[in-house]
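Given below, in the form of structure tokens, are the structures.
What follows is a pair of complexes built around subunit A, which joins subunit B in one and subunit C in the other.
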Partner chain A sequence: MAEEITVRTTAELDSARTLAEGRRMHAISSAVRYALLAGVGFLMLYPLIWLIGASFKTNSEIFANPGFIPSEPTLNGYIDGWRTSTPYTFATFFWNTFLIILPKTIGTAISCAAVAYGFARFEFPGKRILFATLIATLLLPNVVTRIPQYLLFRDLGWLDSFLPLWVPSAFAGDAFFVFMLIQFLRAIPRDMEEAARVDGANTLQTLIYIVVPMLAPALISVCLFQFIWTMNDFLGPLIYLSSVDKYPISLALKLSIDTTEAFQWNRILAMSVLALVPALTVFFLAQKYFIEGISTGGVKG
Partner chain B sequence: MARLQIRNLEKVYSNSFKAVHGISLDVDDGEFMVLVGPSGCAKSTTLRMIAGLETITGGEIRIGDRIVNNLAPGQRGVSMVFQNYALYPHMKVRSNLAFGLKLKRRPKPEIEDATEAVANTLEIDPLLDRLPKQLSGGQAQRVAVGRALIKKPDVFLFDEPLSNLDAKLRASMRVRITDLHKRLKREGQSSTVVYVTHDQTEAMTMGDRICVMKDGCIMQVADPVTLYNRPENAFVAGFIGSPEMNLMEGTLAVNGGVNIRLADQVLTFGEDVGNRLDVRGGEVLLGVRPQHLRIAANDEENALEGHVSHIEFMGHEVYLYVDVGDIRLVVVVPSEQYHPEDIRDDRIRLIPRETAVHIFDRETGRNVSLSANA
Partner chain C sequence: MGGDSKYLGLAYVAPYIAGLLIFTAVPFVASFYLSFTDYSLMRPPQWSGLENYTELFTRDRTFRKSLSVTLLYVFMTVPLKLIFALFIAYILNYRLKFINFFRTAYYVPSILGGSIAVAVLWRYIFADAGLVNMAITAFGGEPVNWFGDPGNALFTITLLRLWQFGSAMVIFLAALQSIDKTLYEAAAIDGAGKWHTFVYITLPLITPVIFFNLIMQMVQAFQEFNGPYVITEGGPLKSTYLLPLYIYEEAFKKFHMGYASAIAWVMFAIIMVLTLIAFWSSRHWVYYAGDKRS
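== the complex of A and B ==
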């Protein structure tokens, strides 16, 4: 009897020990995992963190001090950078960017929704060929069309204006967005649209009242992509804009590089930080819809 | 207030598949017409053509005195309830109900009154401020019915509205919809209904008349009782009724009595069947419903002998599966009339009720035993 108890106790002790051991192993493995993830995450974020830190440094400290915490924090970079060396402040450049982004994003949303609706829901002669063309333009490298486009816009007299930068997109020129919306629409059952038609809605009303609200998550992603990509677009403005007063931010950042003899790095970095703010803000505000939009099947029937 | 007339309606798809083969059907004002048939019989296509969601290849559809072939769905004076509700997911129930009236630019107070009235009728008033995803299946279907009701259409179209609901809910919705129909009729509102289903129980319990379809053709249009008692062809006979009617291949010969040779046995029927027949012989299908076969007493003659392969006890009745030669028969016996001792060594003798026997031409499926009673 006594022996039995001892045996059992040993067994229990053993199992308790294994349990504790398992728990400890689990804790260790989690710790290692998180440490690794945090390390890699930090590595990825380091340039951004350094950028923000350096924007508060003096110009001389940037190269002297490799760490990201400035020894004498200063706002000079921001103040001087905002003024720029041109007659315009950065406010002008932000405004220019806004003037390009606003019509471009809105135009993209409207035109792409309409075109995608047409492709996804209607049968019309030549649909296959048109759709194939759409996909083909997706595969076409951007660079290939630059020169013909430039010549076209020159003949239209649109050079040195914002028009070449947003008009093509506002007429569903971005095949990628059209394609994305078509795919999204295909996953939505047609019943709601049919119900709307029986309720007396015409094609346009169906699009506006039924399809667009159901497409909302995808449309938000489209707008967000367009916003960020336009914000970051350097080549487009570089090719088409020549007057400084029309420069958007992406070009204006370069401006401070080649007009000053000695580069004022702190100004450039400070303005880069500001240039990041709109895109990041918009992204975080719309994050929920954005993720819903790019993951398929976001809408339940 | 409108009757629906369909004349020689045809549908050919772009891949030249002919789905609807020139059907004609009249639905009277205030009538509850059920289209029923197996899947792929084009009942839904027909309904969608009435609604205007499918183009019409041939023939015409008339609602009231208008030909609606080329009218947009919204102008036809129809409203439709879909199988998966098709509620607008981004609108609250209230807006879902009001959408049709809003499109018609009715004044706001009128829309509000109508919404309230419909919500009251269907007992969905507590749900008005919910989104469709917050509704259960039964609630969503009630909202969908409400959306159809609010427009006061000439014709209501239902496309398998209950098939997404569980059995219990289906039964209660069935009653609710028929009640609603009766009430509309009583109140003198337009209440013509075309209701598509593949479920014969729904068809039999709800329809004033039933249109049985198969492969894009109408097999028979009749009220439920006629359809059950006097099926015009073997398809309708087999489709309506549960369990299915037993159809046995045999050879008919009329010489004095009516003799039908089945497998290696001969059944003889008397005048009742003889008077009804409009042929004198040939290859036929003998149709007897499982409920119309009874177990023969020992000394009775002219019975069909078979072998019981298994027995299902359903509570109020017993299903016997009987093999007669190669033919498998189902027999339904009320529990109180079922005595296990009637079956000896798995052998059983069955007698069909003569007044309820049907004989079909094997080639065409036409019921050849309807004439005298017609």
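== the complex of A and C ==
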């Protein structure tokens, strides 16, 4: 009897000891993780932080001071960079970027919502094959279709206009977005839509008044991604736009590298900061849509 | 929705069908045709048979260089990026506070990474007297010639891609978070260590996501353009002259549309073969646990 009690106590002591040890291990492991995460995070983000500081530095300081804070802060980079060496200012280039993004994003949202609705809620002849082409397009490198697309737009007389940048997106050309919306729609129960149909709504009314509001979070993700990707797009404008007065920011930045006199580094850095501001602002205001968007689009794929 | 015509759905996907035909299917076939022609915009395409391909594989030394640089770039970037993304996602997936903060911080470069502004930034921080060399000298090291040395330039471009591991990481993290916790508890009761748990439970369960990331990252890596175009302009000694740069210059600078199409098709064929290998091999290593749909 007594023996039994001793045995039990030892076992309890043992388990208490392993528990405490476990806790200590956990604390150490957490500390290591935090240190690692913070270190890697700092290494990754410091270039961006440095960029902001450097854009306020004098040209002689940029390659001399690895720190963030400028010793003699100046706005010259911003003032001279904004003016550019062309007859246009960066205001023109920002406006052009906006003119490319707005119709493209609206076209994407409308066409992708309709197409995703068609795929997720209807049966029709050829659906399986069409859905397979959607996945295939997702994997198809653009390089293969780019040259004939260029020839097509040339024959249509669309070169040096925004049309080649707008139109393919208005035909649900970005398979990734259609796919993301289909995944999202599949997860939404159809009860509301069926109720609306019973009440006499047709499918278009159901799409506009019932499906689109439920799809809103995913549609916002689509618009945000399209905004940022278009903002970053360089090759499209490079191929299709030839007059400087139509240049978006990405082309204008490349142009200022090529044309700015040597040693005027702060102009280029200052304009790079401005070029990053819209994307960064949108990302920080709406980051949950980005994370959710990429997780639905990706994981269920 | 029973009473509807079976063609109603087609009306909704009609924009997609039109776009698919006009902007993807027809150009796809057309570029295959063009790759067998001599076409320089001045006169209509002239059928030249296999001439472009023979030129590419027997005489064109630029192509050979560009192809080997591209393959090196892809085989360096994709595995490094996936391993790093998975490693960070694994560390983040641990009931840590501030997990959202770190996730956001790591994701920022992916949002900005493709932009010209970031390529500009890369030019400056890896310049001879740039931030990176300033840091290296501060710690007593020798400054590195990041872009001037053909042996380093491609690696510096690779770093720009690695820096954007955030999107792959977010996908990994979502997959890790969806793993059933009871599996870990069961493994712990059976006395499995961390490494065994990771190799025998975590890894198999996220293989579908590894597969997805692998394919997407590979297709993307083959098409890298902005970085090398802006940072190194393909140099020095064509050491960062990736195939998309070569295609761009042949097609839109020299207007050799037929020849450029042939290069594009060789690249497409390589991507296809690698994708098919991945799909074929996936039967042996990708594990679909929750696949109740089929």
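Everything below uses one rule, namely that the second predicted complex is superposed on the first by the 249 of 301 C-alpha atoms of A that agree within 3 Å, B and C clash if a C-alpha of one lies under 4 Å from a C-alpha of the other, contacts with A are read in each partner's own complex, and residues count from 1 in each chain.
As a working rule, contacts are C-beta pairs under 8 Å (C-beta built on N, C-alpha and C of every residue); 3 or more make two chains touch, one makes a residue touch a chain.
Predicted, not measured: the structure shown is a model, and the values here were computed from it.
Engineer: Touch test for A:Glu194: subunit B only (first), subunit C only (second), both, or neither?
Structural biologist: So A:Glu194 meets both subunit B and subunit C here.
Engineer: For A:Pro217, select first, second, both or neither according to whether it touches subunit B, subunit C, the two together, or no partner.
Structural biologist: The answer is neither, since A:Pro217 touches no partner chain.
Engineer: Tell me which partner A:Phe283 touches in the superposition: subunit B (first), subunit C (second), both or neither.
Structural biologist: Second partner only.
Engineer: Is A:Gly81 touching anything from subunit B or subunit C once the two structures are fitted on A? First, second, both or neither.
Structural biologist: In the superposition, A:Gly81 touches no partner, neither subunit B nor subunit C.
Engineer: Pick one for A:Pro237: touches subunit B only (first), subunit C only (second), both, or neither.
Structural biologist: In the superposed model, A:Pro237 contacts neither subunit B nor subunit C.
Engineer: With both structures placed on chain A, which of the two partners, subunit B or subunit C, ends up touching more residues of subunit A?
Structural biologist: Higher number of touched subunit A residues: C.
Engineer: Just to be sure I follow: which residues of subunit A are touched by subunit B in one complex and then by subunit C in the other one?
Structural biologist: In subunit A, residues 123, 194, 197, 299, 301 are touched by subunit B and also by subunit C.
Engineer: What does subunit C use to touch subunit A in their complex?
Structural biologist: By the definition above, subunit C touches subunit A via 1, 4, 6-13, 15-20, 22-24, 26-28, 30-31, 34, 88, 91-92, 94, 96, 102-109, 111-112, 114-118, 120-121, 123-125, 127, 129-131, 134-135, 138, 163, 167, 170-171, 174-175, 178, 209, 212-213, 215, 219, 222-223, 225-226, 229-230, 243-244, 247-248, 251-252, 257, 260-261, 264-265, 267-268, 271, 275.
Engineer: Report the residues of subunit A in contact with subunit B in the complex, numbered from low to high.
Structural biologist: Where subunit A meets subunit B, its residues are 123, 189, 191-192, 194-202, 205, 209-210, 213-214, 216, 299-301.
Engineer: Okay, in this complex, where on subunit B does subunit A touch?
Structural biologist: The touching residues are 14, 51-53, 72-75, 78-80, 82, 84-91, 99-100, 103-104, 133, 147, 151, 157.
Engineer: Once bound in the complex, which stretches of subunit A touch subunit C?
Structural biologist: 29-30, 33-34, 36-37, 40-41, 44-45, 47-48, 50-51, 54, 62-64, 66, 111, 114-115, 117-119, 121-127, 130, 133-134, 137, 139-152, 168, 170-173, 178, 193-194, 197, 203, 207, 228-229, 231-232, 234-235, 238-239, 249-251, 253-254, 257, 265, 268-269, 271-273, 275-276, 279-280, 283, 287, 290-291, 294-295, 298-299, 301
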